[in-house]
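Two complexes, one shared chain (chain A), two partners (chain B, chain C).
On to the complex of A and B.
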């Protein structure tokens, strides 16, 4: 399984909350401003307005970014307690800082397997930034990519860009996001696949995201280079925030 | 989109009073910059510049297109500055603020129009193919001095960037990827950098590298772009109050000193980065660069 992401909370000075996130050579800087004043035309009487801006590493946003924005927006809407802060705006900005070498070749961007591979990173960054900004949340979320190669053998869970490039073309790519209770929050799939395959992919993603530390072994038929039982993303998230809280609460502990 | 929070009357009076007494809020001298921190990414052409709490990332990317019909022998070079709400909630995507327009214009004048980059070297086949270079300026954190920081970031990124090598056979051009052949640095003719002076009290007091609070209080600004040889590329003045010609002359002297310092820092960081990349000591052998 791929190594766990690294993340720092509150890396920026100006924004209300921010996070810098690095995973598999994707680096994303996320910032959250909110709750702030909302423009009249965007104001919702009974809930907060969420605004998601995704900015690519190079160039201005394309329909690809707009599509990702919609997906992130809809997912975050069910995570943020929007009813608690009605008539306000929560602004989420996600700046892609660097991409793996395989994906950043500007001229031949055909190497980019799919826009979906970026989605889990964006979701994690935005959640961390929201936590850093102390926006009321209903739950946390974890997300991962599962790619099924053409021969259907050996599903890849959160593959590196290199793996994707080498096993190209992929038959299907799935992104799953789970909330803190392990319920499915988002499912976005691309390509050809059957119900059984989807079930299997979903189960694998769930294992990576939510289980792991409970001693539940990884399923057979999953080709992972035996790195031992890795931590689940859920536990990783807890760790990142826990460390930050510890640092911030130093002054209390010291006295 | 909320408006930028305006500075309060008390704060304004406080800053001005302090300046009268030769004190800046952060204790710097009037002609002192915040420490410049510059780092490069793992890829070529990414520069991360920090002046105190201001942080700007510039990123260079390259593409192959047809040159403009009226400029057949030139490549295309474009600087894109788009503010995002990350720097301040007052920035809205797709609706440029005045600060953004001024930044874009100054960078255009300083870097593009002063021919800092030799665009002719970006031409592959005259009239048919050329490299289109674009510099994206991302404002990550905003605490004043955006113009100076962006200019340093773009110039550092340009010097750090390497473009892929090409083989031209008649009308056919082959772009060699980074794996096939060591990429080539851009041909940079000179390094213009900007120094912004904020003036107060009808041009009596000049500050270098004002932070956001000082920027909101100032009467106007003078932006001087020059290279380390003291050649001025552009002078721009925004804001109402008049300034004395002699004071302006004095500003250019200060600017020259600052530009020299920055150039030295950029050079030092570039050398450090080159050393880091040149792990096996093979770079000199691999390089396909021709001496100018």
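On to the complex of A and C.
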């Protein structure tokens, strides 16, 4: 079981909302500006315009980043309550700050696998930055990677870059994202697999992302994980938001 | 058509619009009216609703393929899918060994490896032996403004095409290597290993003449058809010239040995709006092979790439009950398609595979 990500909210002072996210030696800074004025050309009469910019760890953006931007954009469009803030712009910028050593091997590292393993981190960062900017959201999201090695033994759930390198080549790699209700929000799978295998991978990802009784109790998740209990990503997210609310309410609590 | 106007005719003073104006003014209700009303109006075929383009939700457009249409390419194809038309040309050029930066070598030229499982994706991707490119011609789609840098749409499409080409391991690196076995005349070692002196690089250019939805399907199938049509001249390293030369005898040219036949199918999910709360029946439809109008009103889309060509060999593979091997699934934009729906979509894609298989076979 991979360790849970760490996240700091509102790390940038100029942006409306920001987040620094570290997981499995990926570090990403996300910033959100919005709702702000939108260019006439991009203005939508009944919903907000979302703009996603992804900056790679080195060099300028390539078509690969455009593809990731499209995926993040399409996913966020169903997460943000775009109808509530029509004719505005919400700008999401994601800067990849560091990648695992195994993946940062020069400009040639643009293999398809590394673009898939980056996707969950980008999604998490963008969500945290949106939360930090207090943009109205419809739901939350959690995302993870499942890799199936060639020998088909033992699915790797949210594998580290080192694990992926050692067990190479993978037969298939899957990225799943679920919304707050546990519905499948995004799926990118590639390689070679059957329907049953995909189903199994999806189930495992669901377990990692949104396992738990779905209770709305705010602070309770944080104490339970002290015993080394495997905690789902959703509980982690709940913890992050809980801490944010705690900080914002401290003027009330303080006596 | 009757369905959409009849609602308006029930209230005499109400506005009536011709069909194209209704579609332009309120695209979403237009499609919803089509999909939900037909159950009542078309009493004889009340089972499946009809879309605005006259197809049922599960109906694909029938493909049209023409290969070998460009004379200056090593391989070419024109694919037509309704109003989506794509031309694809494959041009092979030689990458000399000394031009490879870093002097990287991939030491696997042993004895014409017929090995199916040889992993050459890294070789293909690091040396960039497959270079797909997408160009949208002027007027192909209203969204495309000519004279600008490649749009996000085009860049996304190129990335998806490249990822799919690499992850399905369609092209063999061994087909692209130009190897040279040093002549052992007089030398002591009889069996010196062959050296890779150069590579063929395939420039795969796809030009959209017009886009009416499912651009990825059309582009990938055009590439597939063009690669099947590609003939590469026999190239060899000449010791005396110390250069790679090509044989100009067309008989010595060879075709690429492609691995399998991955076929993509795109689906769009239409979510109806339930404004009065009196919706009867379902409000979501999964439309096969959406056209441009449908893509503009659907948020969620799914693309499934399946390959059934190895059905015999891989029948024992766990999970592939109907012999379909899934090579890629891309789903984004919404939460309608769940695990159960995905299985149905893979089934629909497998059916679609049969159609493309037949269409491609007729070309050869």
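Definition applied: the second predicted complex is superposed on the first by the 231 of 255 C-alpha atoms of A that agree within 3 Å, B and C clash if a C-alpha of one lies under 4 Å from a C-alpha of the other, contacts with A are read in each partner's own complex, and residues count from 1 in each chain.
In the analysis below, a residue touches a chain if its C-beta (ideal position, glycine included) is under 8 Å from a C-beta of that chain, and two chains touch if they have at least 3 such contacts.
Just so it is clear, the model here is predicted, and its values are computed rather than measured.
**Student:** With the two structures overlaid on chain A, would chain B and chain C clash, or do they fit side by side?
**Tutor:** fit
**Student:** Comparing chain B against chain C, which has contacts with more of the residues in chain A?
**Tutor:** After superposition, C is the partner touching more of chain A.
**Student:** Which partner chains sit in contact with A:40 here, chain B, chain C, both or neither? Use first/second/both/neither.
**Tutor:** Touch status of A:40: no partner.
**Student:** Which partner does A:15 contact after superposing on A: first (chain B), second (chain C), both, neither?
**Tutor:** Only chain B is touched by A:15; chain C is not.
**Student:** Have a look at where A:250 lands relative to chain B and chain C in the superposition and call it first, second, both or neither.
**Tutor:** A:250: touches no partner chain.
**Student:** Pick out the closest CA atoms of chain B and chain C after fitting on chain A and give their distance in Å.
**Tutor:** The answer is 6 Å, the least C-alpha separation in the overlay.
**Student:** In the complex formed with chain A, which residues of chain B make contact?
**Tutor:** Chain B residues touching chain A: 1-2, 41-43, 46, 53, 55, 57, 59, 61-64, 80, 82, 84-89, 93, 134, 136, 138, 140-143, 175, 177-178.
**Student:** Please name which positions on chain A make contact with chain B in the complex.
**Tutor:** 12-15, 18, 25, 29, 31, 33, 36-37, 39, 51, 53, 55, 57-61, 89, 91, 93, 95, 97-98, 101, 104-107
**Student:** For the complex, which residues does chain A have touching chain C?
**Tutor:** On the chain A side, the touching residues are 63-64, 66-67, 69-71, 74-75, 77-78, 108, 110-112, 115, 152, 169, 174, 179, 181, 183-199, 202-203.
**Student:** Which part of chain C faces chain A closely enough to touch in the complex?
**Tutor:** Those residues of chain C that touch chain A are 119, 121-122, 125-126, 152, 155-156, 158-160, 163-164, 166-167, 299-300, 317-321, 324-335, 337-339, 342-343, 346.
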